[in-house]
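Below you'll find the structures, each written out as structure tokens.
Below are two complexes that have chain A in common, paired first with chain B and then with chain C.
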Partner chain A sequence: MFAQKRLGKELSNIHKSLPPGIAIASTPDFTNWKMDIQVLDSNPLYADQIYRLNFKFSGSYPIEAPEVTFIKEDGRDIPMHPHIYSNGVICLDLLGTNWSPVQNVESVCMSIQSMLTSNTKNERPPGDDTFVRSGYRSPRNINFVYDDNTV
Partner chain B sequence: MAPPRSTRSSLQSVDLRALDYLTSPSANLLCPICHSPLITPVQTQCLHTFCSACISLSLERSLTCPVDRKPLNHDDVTPAPIMIANLVNDLVVLCPNREKGCPTTCARWLVESHVREDCGYATVKCVKDGCDGMVERREAEEECVHEEVECAFCQGVMRKLDLESHPKECPKLSSDCPYCSESFPNPELADHKLVCPAEVIDCAASHFGCTYSSRRSELDQHLSGCHFVALTPILQLHTERIETLELENKAIRQKLDLLLPPRPLPSQSSAGASSDPNDANSAGRDMTSEMQDYTYHLYSEYEQLRSDFERLNVQIRELDVKQDMARINEGLRYNDEMTGVRAAINGLRMQLHWLLASRRETGTGGAGAGGARSVAGSSVSGDARRMSDSARQVVKL
Partner chain C sequence: MDIDIPDPTDWLQTPIPGLQALESSLRCQVCKELFTAPKVTSCGHTFCSLCIRRYLSTSSKCPTCMKPDEEPRLRDNILVSELVGSFNTIRKQLLDTLRAKEKEKEEEEEARRRRKAEEEEEEEKERVTSIQPRAEKRRPYDDDDDDDIMEDAEPIYRKGKRPRQDTTIAPRYPQETGPPTRRSTRTSSQRTNSRILSSQTVVILDSDDEFLPEEDEISDNDDFRSNNNHNNNNNNNNNGSRAKRKAISRGVPETPTKNSDMVACPICTRLKDKSKVEAHVNRCLEGKRSPSPTPIKATNGPGTPLKRQPVSFANIPKPQQRAPYTDEEKKELRLPKGNASLTKEADIRKKLREFGIKYDAKGKESKQVLWARLQEWTNMWNANLDSATPKSKETLRRELEAYERHQSTQKPSVVQDKGFERDAWSKGHRSEFEALVAAARKSAAARKKENGVVEAGPKDQQLLDSMAGVQAELNGIDSPEVVEA
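This part shows the complex of A and B:
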């Protein structure tokens, strides 16, 4: 109830206006939204690419963080980034320990957008292969160590 | 002048969070957590304002201010200035019974009393003492609608509330068929509806694509000439086959998923190649690359086993050599001991010889007969030889 009311307000807000480079892909219900983001400057890693983010909301949103991952869909790929695993899982403190209920879908999109914009390394996180092979699909249950503040 | 019914208060509770507002309120009056106008506003040490319920939920998860992430305790949260509370309480809301038809709008602080005392659409307890029924306030007149009454036609017993809709069900009354407008007794109406010639129905093959529809009486003509109807048996057969194949496919896919570990996403190099529009092709490539992975896995396992085996072989050979050396050393030791024993026995024999010789000398000194001496000498020497023989035998043993 609480989560739906709040998501309903967010939805009407983002339907009204969204920052450049962020768009709604689909919002079928109040448990799963898909957003398209793109990097607007001329970063050669992400130029002319659109990426798709998948938001999963629990009943205790916004007290609890949504699960946010990149997904391959409609020809969208997973962006190369030292904090993004090739199965789309994003290692970002904002989505884990540093989540705050003041955040919303728009602010999360903007954070991830700027995380891409400032990146210059064309690489995956260390241990990407074993991580992907281990079959983690959801960013929950993973204790990321947020050790790198440079990116 | 309050109407008499307002004395019956509604038990319906109002959830302030679920209220809808007449106009969208200023963004400054919204709680940053629930994005709704503040309810029981509270203020933190760092001067941020939240709903009381929202901030306590948030503090249960993390003891920081959600806005600036400064450390925050339950004790650091105090009621917000009354002015803020007044501002949000004065916002105009719509009655929560709006969907039932109540057009009332009022200030938020009044809405609870509106529902409790005035709203005609709030549910209240029935007017009659001892009746447990609930009724909307506007319908709660002086008589109880939960009383049981009898239908004048069928003599059935029902609540007064249901009497209004009863004529449509009463078995003694007739109703009109919605298609042909003829009147039928209620129990027969359902049967008639199934065969009413005036009802407009779709062609029997409509789910295969026929768009024709007409009155039931005229449909037979169409059915005899409809191509879709003629094809129905074979189309039906195909649908069933597709369904069974889909089921089979699903089962096989599940089995395959069980057999294969979670499939890793294609690596960077194959990602470029999989932009190939031919989907089946790339799926095939996926399969082969997976098979290759397995072969590599088996190869590496085999290599490991081989190296293990070689290592064991070398160890066994080393152990063999060690054991041989130990055995040779032991043999040498025994050899030494043997020569020692042999030397000791030789020494004993020498002593025996000496003893025998000295004894012979004392014997010849007493006798004096040459023959006898020679006889004795020969016998003694024979004895000595025998003795030495036996001594030699002992040594041999």
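This part shows the complex of A and C:
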């Protein structure tokens, strides 16, 4: 209802225009969208790579943040980044405490794109192994501590 | 996407793409709709009433700038609601007109290109067979053009004709010295006439000033004043305002021409000395009575010098006990938000009952659920009061139910979400789980027999994974269909 209406508007919007490096992979319904993002500059870490983002929307979508993770699909890998766990979970305040309904799918994609663009470290977050093994599948239940403002 | 959703990007296909920016600022950033009952936050951002209320009940900050804000500080944004209203009424018309224009332009462009191509072709032909006269050549081209018109739809017809007419008629007029120019001279002479007339009237108005002394004399005459108070007041009204205007224009307030001139204040109609009238008028405009005793004042309150009542708390009138709200007024009242931890579950139930909202009578719903329902109702109710076209209580109730149904079914089925009731789930699907576990044990035992004990660990893991998959599937199947808006 509320969420679907808003997502419908966003969908028609992104069908008409999207910023460079961002593309729609699949939008089967109003609960789950997949977007392809690409880093456009010559960052050696991500050159010529396309990554797939998975958006999950709850019924109270613009009020509540969507769940956004990277997924391995169609040969897309999970990018190396000190804030991205190897299971695709992204540690980004925008998707947690700093979410605001003014954001939308496009702006989230752009934020993640710029987060990748500005990164120079070829590493995973500390404690990646234990985190991945602990089996969280939904970032909703994780309390991140957003301590690093450099990236 | 074949459904037509009105969107700011619609304007990109029109001759004025700048309208996109205009429309996107008339849309709420939360729901992306045109504002309904716009509210402005204390930081100056505007949102729909319901959107901002909903968001502020989850976190107390502005969605745009993240500055802290609270619901009671929201204010109506009347200008924006007017803007949205007027924009919405013209939107479709404007869009259609602009689109038609753009289409027309494109078609024209197309026609021109075609014509050009044809001309080039003809020139080519001409070059090859340069014997035939040009006039005869023109004809087939015109016919061609007409054929195009016949082929295409109506708009082309209009467009194909109109510019040609325009080009033939438009330049002809200025050259002609016939009727059109004559008419224009006539109108201009009329205009000058009227101008003279108006200037004459202006002169008359100005000469009114010369009557000033006469009126002054009238007001000077005391008996006359008392007898013809009514008439006099009117005259003096004009007089006073003129005097004021004069004084202002001259910028010299304290230059009385006649000392005994009495002028009525245009606001309180009291007679004043001409030299003091301006100051008096200023005071009157500020809403204060003149503190200095004046002749008229003196007659009004004879013998009593202006005395201020001493200020003391005893003199302050006690605020009257507000009359209890009438039913009409009650309908207009915004509901308070309340506090979740201070409100007892029974109170929430009572309130819900008062509003006529359904809840589980057996008490199966937790306080959290009831509170969320009450909050949503409060938001909806308050936002409804803000809107220009309020809905009925019954409609609101239905909307609340739909909203809640939607919220509960839209929960993602990933692992476990907040409201997942593990016990109920495992009880409800006990038989399926048991069957699965039995099957897993069986196949594990069979494999053990085959391979020995070596690979037991990973296999088990695999089985568990498959079970989780089945569970997720069940979850998906079990959830009722999504309610369409």
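Here, the second predicted complex is superposed on the first by the 151 of 151 C-alpha atoms of A that agree within 3 Å, B and C clash if a C-alpha of one lies under 4 Å from a C-alpha of the other, contacts with A are read in each partner's own complex, and residues count from 1 in each chain.
Convention: a residue touches a chain if its C-beta (ideal position, glycine included) is under 8 Å from a C-beta of that chain, and two chains touch if they have at least 3 such contacts.
Predicted model, so just to flag it, every value in this text is computed and none were measured.
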Would you mind checking whether chain B and chain C clash or fit side by side on chain A after the superposition?
clash
More chain A residues in contact - chain B or chain C
C
Mind working out whether A:D77 is in touch with chain B, chain C, both or neither, as first, second, both or neither?
first
For A:V132, select first, second, both or neither according to whether it touches chain B, chain C, the two together, or no partner.
first
Return first, second, both or neither, reflecting whether A:T31 touches chain B, chain C, both chains, or no partner chain.
second
Is A:K9 touching the first partner chain B, the second partner chain C, both, or neither of them?
both
Touch check for A:S17: first (chain B), second (chain C), both, or neither?
second
Using the touch definition from the top, say if A:I63 reaches chain B (first), chain C (second), both or neither.
both
Could you tell me if A:K121 is touching chain B, chain C, both of them or neither one (first, second, both, neither)?
neither
One more residue to check, A:N87. First (chain B), second (chain C), both or neither?
first
Can you check which stretch of chain B gets into chain C in the overlay, out of 38-46, 128-136 or 146-154?
38-46
Identify the overlap between the chain B-contacting and the chain C-contacting residues of chain A.
1-2, 5-6, 9-10, 62-64, 98, 100-102
Residue ranges of chain A in contact with chain B within the complex
1-2, 5-6, 9-10, 62-64, 72, 77-78, 86-87, 98, 100-102, 104, 129, 132-135
Contact residues on chain A for chain C in the complex?
1-6, 8-13, 15-17, 31, 56-60, 62-64, 67, 98, 100-102, 136-138, 140-141
Give every residue of chain B touching chain A within the complex, in rising order.
17-18, 32-36, 54, 57-58, 60-62, 64, 66-67, 69, 261-262, 264-265, 267, 271
Chain C - residues contacting chain A, complex
1, 3, 5, 7, 9, 12, 29-33, 51, 54-55, 58, 63-64, 66, 402-403, 406-412, 414-418, 483-485
